[in-house]
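Following this line, the structures themselves.
Below, chain A partners chain B and then partners chain C, in two separate complexes.
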Partner chain A sequence: MIELKPLSPATGLLPLDIGGVTLREAEMAALTLIAPYMGREAQLTEALEAAHGLGWPQAGETSASGAARLIWFGRKQAVLVGAAASAKLAAHAALTDQSDAWSCVVLEGAGARDVLARLAPLDMRDVAFPVGATARTEVFHMACSITRIEAQSWQIMGFRSMAKTLVHDLQVAMEGVAARAKPALT
Partner chain B sequence: MRIACPLCGERDSREFSYKGHALALERPAEDAGVAAWDDYLHNRDNPAGLTQELWFHDMGCASWLVAERNTVTHEFGAVRLAEDVKGAKP
Partner chain C sequence: MRLAGKGLINRNKRVRFCFDGRDYEGFEGDTLASALLANGVTLMARSFKYHRPRGVLTAGSEEPNALVTVGKGSSQDPNVRATVQEIYEGLEAVSQNRWPSLDFDVMAVNDLGAPFLGAGFYYKTFMWPKAFWEKLYEPVIRRAAGLGAISGAPIEDKYERAFAHCDVLVIGSGPTGLMAALTAAEAGADVLLAEEDSALGGRLLSESGEIDGIPARDWAAAMAEKLAGMDNVRLMTRTSVTGAYDGGTYGALERVAHHRPLAKGLPKECFWRIAAKRTVLAAGALERPVAFQNNDRPGVMMASALRAYVNRWNVAPGQKIALFGNNDSIHDVAADLLAAGVHIAALIDSRAEATCALDVPFYAGAQVCGTDGRKQLEAVSIARASGVEKVLVDCLGMSGGWNPTLHLTCHMNGRPEWREEIAAFVPKVGMVPGLMAAGACNGAFSTAACLGEGVGAAQAACEALGLEAKAPKLPSAENRPYRIAPLWAVAGKGRAWLDFQNDVTVKDVKQAAVENFRSVEHMKRYTTQGMATDQGKNSNVQALAVLADATGRGIPETGTTTYRPPFTPVAIAAMAAGAADKGFAPERFTTSHRLTVAANAPQIEAGLWYRPSYFPAKGETTWRQSCDREVGYVRQAVGICDVSTLGKIDIKGKDAGAFLDFLYTNMFSTLKVGRVRYGLMLREDGHVMDDGTTARLADDHFVMTTTTAAAGEVMKHMEFVSQGLRPDMDMRFASVTEQWAQFAVAGPKARALLNEVLDSPIDGESWPFMACGPVKLGGVDGRLFRISFSGEHAYEVAVPARYGESLFATLKARAEALGGGVYGMEALNVLRIEKGFITHAEIHGRVTAFDIGMQGMLSKKKDFIGKAAAQRAGLLEEDREMLVGLKPLGAVKQLMAGAHLYNAGAEPVRQSNQGYITSVGFSPTLGTYLGLGFLRGGRARHGETVQMVDHVRGVATTCEVCHPVFLDPEGERSRD
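Moving on, here comes the complex of A and B:
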């Protein structure tokens, strides 16, 4: 019998370490898109609280409980990461398994924000984009989701079919930032 | 240009795409007659000044927006979710 081996979207492309900024692939996790049915938002919020201990994230926010994270993902949408969605949510929202649809990479390091600044038209100062903030925006012409998971760590989600493009665009920006870094005085 | 999306906040215009005048939301009744439908489909004013437009935040939150824009200065005024302007129907 043939055993199929799962491959992550960026297999063979990552990790990268350029100029002190690293780009690695996030662990493959179950992703469930949650889109509340019209008029059922309040019931969904209760069900989410009961089943996962998670609040419904407002625009640009994430909520977390243990390993489970709920990331705002657009108007009336959020994506659940790190936990299998409870079947009890299905009465109040459309649940879609999108585990295979997204490529998740993590950009880390002191210059990570400078790398993103080359690619995304987003205000990423601490006051505008603190840890836990998220945005749907573009990363070099491609629609992506950016979430600040730690002070110097950003998770970027792009379409799985465009994983190579995403990695390439990030790599070029990382090389650009590294080349611009001030040389050490000798 | 920067557009203040009611959900995402002020964002660069490259995240948005333009549809046309917000008149498109005022769809005539099915039996309104040929003249009303012809007017709805084809006739638009071309003002020098404030106008109401439909924009789509396609690279962002995927909301349809009704934005006030000054066609002379490209200055944006109030931006609202089309859902709130039109009223959402289940």
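Moving on, here comes the complex of A and C:
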């Protein structure tokens, strides 16, 4: 029998620590896209509550229970992170394994929001994007998912194939923010 | 000359810089303009058209004259305003538009030819012959006239783009802006205060008045400190708001590193997009010149600029100074100058009734009608009823009144209105939704009025946001009325400059009117008034006043030209920051990318993906050798190819089959579980959109593949169909392109290889052609599809992407052990051409199923997208260009993609075109070039001879038309 070795999407690219802002790759967790079938939203919500203790998130929101987090992921869909989806959900929703499809990185630190402001057009102020808020948005040229997981910590999900560009664009923004913090040489 | 006094310069910090190759010294806090003036340098530039000597006119971003080039090579910035450029240790600047030097410019000969170079001269003179304009006249004229130049080298400096969001954006930080920001911030709003200067305070930094009993400058500093200490206030200095756009969005340019040497990672500029719920425009006002003969000599400047140089930078721009104006502000300037110990030789007020309380030679009811000097002002001529008097001066401050800085309010096409009592345009309410103009930019010119309007505008903004803003106690400040008697141009002969930057004179505007360019927009274009970097900030109102006079209309009837973004120049590099070179688009890499790069495979781009072109082996010198070898792997042993880039879409739900029936031309609901079918997809207009295979993994679960290039397009199409056309269908779909790494295993030894890597072996019975299903590889759940894009016995095996690199390495090693190996896009292309399989080279958007011989796939039993349109008569004609195969017949063996086809013996011209070639490749299997292409009525012409002509590359080849499937037409190899 052959042996296959797993590699994470950002293998060899992370972590980075620039001017007090860090960028690291999140541990590869189970990611399941959950898309309710027609008229099954109520049953799905019940099943989610029973199996995972999670509520269905409204647009731009997440729900969390222990290590499991359900992130709104677009029109009538959410992605379950950190727990294997219960088979009981399959009667009410299309479940699609996406564990390998996304590169998940975490941007943290006092200047992290300034870094994001260089790449994403969203209003990231506390009033508009509190802890637990999520959005499908742009990170420079890439369609991404951004979730605020802690006060100074954001999870960014980009296409696995674009991990290198994602890290590159974040790095350039981090360097720009860090360079400004330094006083002029003169 | 530097004065004593306490300006905003740090006398303890000397700064050395270089201008036109000479070293100078200034102080920290100096601009290039103030530092040069302090060093006695008044000649800073040559004018655009006549190359006249010019000095600095203003002290702000509106400067039309003193444009310099800063930096060298790829870091070179042309047209930098010396009034905005702060000096720093090592700054290097050079003057522009002169040769060989600023002091001696041979192009100044243009000035002697001025009578011939007036408005419209080029248009009238260089009319004939027509072709000469573009090829000869314009290039020559452009060389003689112009601004600074870019280096032409690619930019290596970093630029940045960023977004900001706020409740209230305050633009400008004079008395109005500071009060507005504080009022809104104290009400709890998130405030962003943008100031284009390096410090907050606006005109308060340059004037000597008091606010609340303390010097205005100190009051501004205290306000700045207070605002800086508030969590909900963001102060952005050196940031010009350059444009107002839809939905409360503003563009702004931050000069991050123009005032200091570039450090690693530091951007030179940052282009901000600011989204504001409400905006207070507190941009102040710009002083306007008066047109009189030779009013452009170095030493003639705005009175307010003179005041700024004396008060803020402690620089006297001259030893004997005259002031000339039509309003009270020149008296304030005179007072400040006297206090600083500067000698005033004349104070000339055009108003007959004006009085003067100062101890200076005072000329009421007088006008400056001319100047002497060339590279430096030497004297002014003062005209009174009693005659003309010449006074020796080396500097003149002029003031024709003030124009509210209302530019941003016009960016959404609103027009300002004329207010007679201040002789200026003011913004109307609502020109930019959500924006309120306050203070001087709204026509309120006293400090007290500005403070009050700042509070009022902030209160209105807060109320709109549902916040309650308390009315603070207004600081005490001067509240004198603004008294002005309009004076646009002093009568007299000779050239009186209106637009310094474009060398437009009063005579030019009058000439435009004479030639019937009477509309202000026509006048502007005919004379070029208001163009280039200052965009008419210093000249628009005077020019249209002169035009109004010349056409016998009032100023309100004449109207003003529109101001457009940007308010101040923005480097294209800032707007495109990060998007140069590879930043243009993301790069997509397959899981096998590192290994293909390690194998030295050249990469080709397929959409955003990078795929290996071929894998060179030792001793191979051309790509063809590699390609031929790789084709051989597949035809004789086994080849491995990463096909992960193809779009993969999971479709689940009880109506999944019905949905596919509606998308594809052929039937999918009848496909058995564990089987794959080829499908064809049309656009609504009946033309082919995409093709690919779809596998049924369970009753309610399909996985569709699309071509690499059309994956996004197909996904978008499916969203439209499911949301817009068939919302009744109960199914959901998701892209799984990124989830699965998928590899083609193709060739007679494909099954043997697979049985080495699969946990349970397969055979022909369990996995016949077009079978599919789950498999395990080293305990990992995968998917196996027996499909073939090469015509060989072949499979595609998929594993979760994390195992992609590892599986690729395993397959590669084992294929090599079996006499095969990996193959790239070139070989893949040859293999599919041999089999006549189409790609988007063939289904390029203009072909129908009929054209590619697949009309049989259009099901008669069901409806599908494109069905009706595909039946249109014109799309089924027998003389349409149809897919054919082509083989070379004569001495020339080369086929060229993109070449056109002509009947044997016909002249190869457009009118006799019979079709074109879409794909070519050399088939090592058949030992000949093969081509796919489209030929008029091609299906009925197999066996005919046609000629291929490539007009671009000059190749002509005689070809035989044949069936597009060259190899194994019965498909036996894939079924063995």
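Remarks
FYI, the second predicted complex is superposed on the first by the 180 of 186 C-alpha atoms of A that agree within 3 Å, B and C clash if a C-alpha of one lies under 4 Å from a C-alpha of the other, contacts with A are read in each partner's own complex, and residues count from 1 in each chain.
Operating definition for what follows: contacts are C-beta pairs under 8 Å (C-beta built on N, C-alpha and C of every residue); 3 or more make two chains touch, one makes a residue touch a chain.
Please read these numbers as outputs of a predicted model, since none were measured by experiment.
Looking at the shared chain after the overlay, A:A67 reaches neither chain B nor chain C. After overlaying the two complexes on the shared chain, residue contacts for A:A87 are found with neither chain B nor chain C. Touch criterion met: A:M38 reaches chain B and chain C at once.
Once chain A of one complex is fitted onto chain A of the other, the partner contacts of A:R180 are limited to chain C, with no touch recorded for chain B.
A count of residues in chain A touched by chain B and by chain C gives the higher number to C. Once the two complexes are overlaid on the shared chain, A:P121 sits against chain B and chain C alike. In the overlay built on the shared chain, the residue A:S8 is in contact with chain C alone; chain B does not reach it.
Residues 38, 77, 121-123 of chain A contact both chain B in one complex and chain C in the other. Those residues of chain C lying in contact with chain A across their complex are 15, 88-89, 158, 160-165, 190, 256, 259-261, 263-267, 270, 273, 275, 578-579, 583, 585-591, 608-609, 650, 652-654, 730-740, 756-757, 759, 777-780, 799-807, 810.
Contacts from chain A toward chain B in the complex involve residues 38-39, 59-60, 74-75, 77, 121-123, 135-138, 143. In the complex of the two chains, the chain A residues touching chain C come out as 1-9, 28, 33, 35-38, 77, 93-102, 117-118, 120-125, 127-128, 140-142, 159-166, 169, 172-173, 175-176, 178-180, 182, 184-186.
Residues of chain B that touch chain A in their complex: 7-12, 14-15, 58-63, 81, 88, 90.
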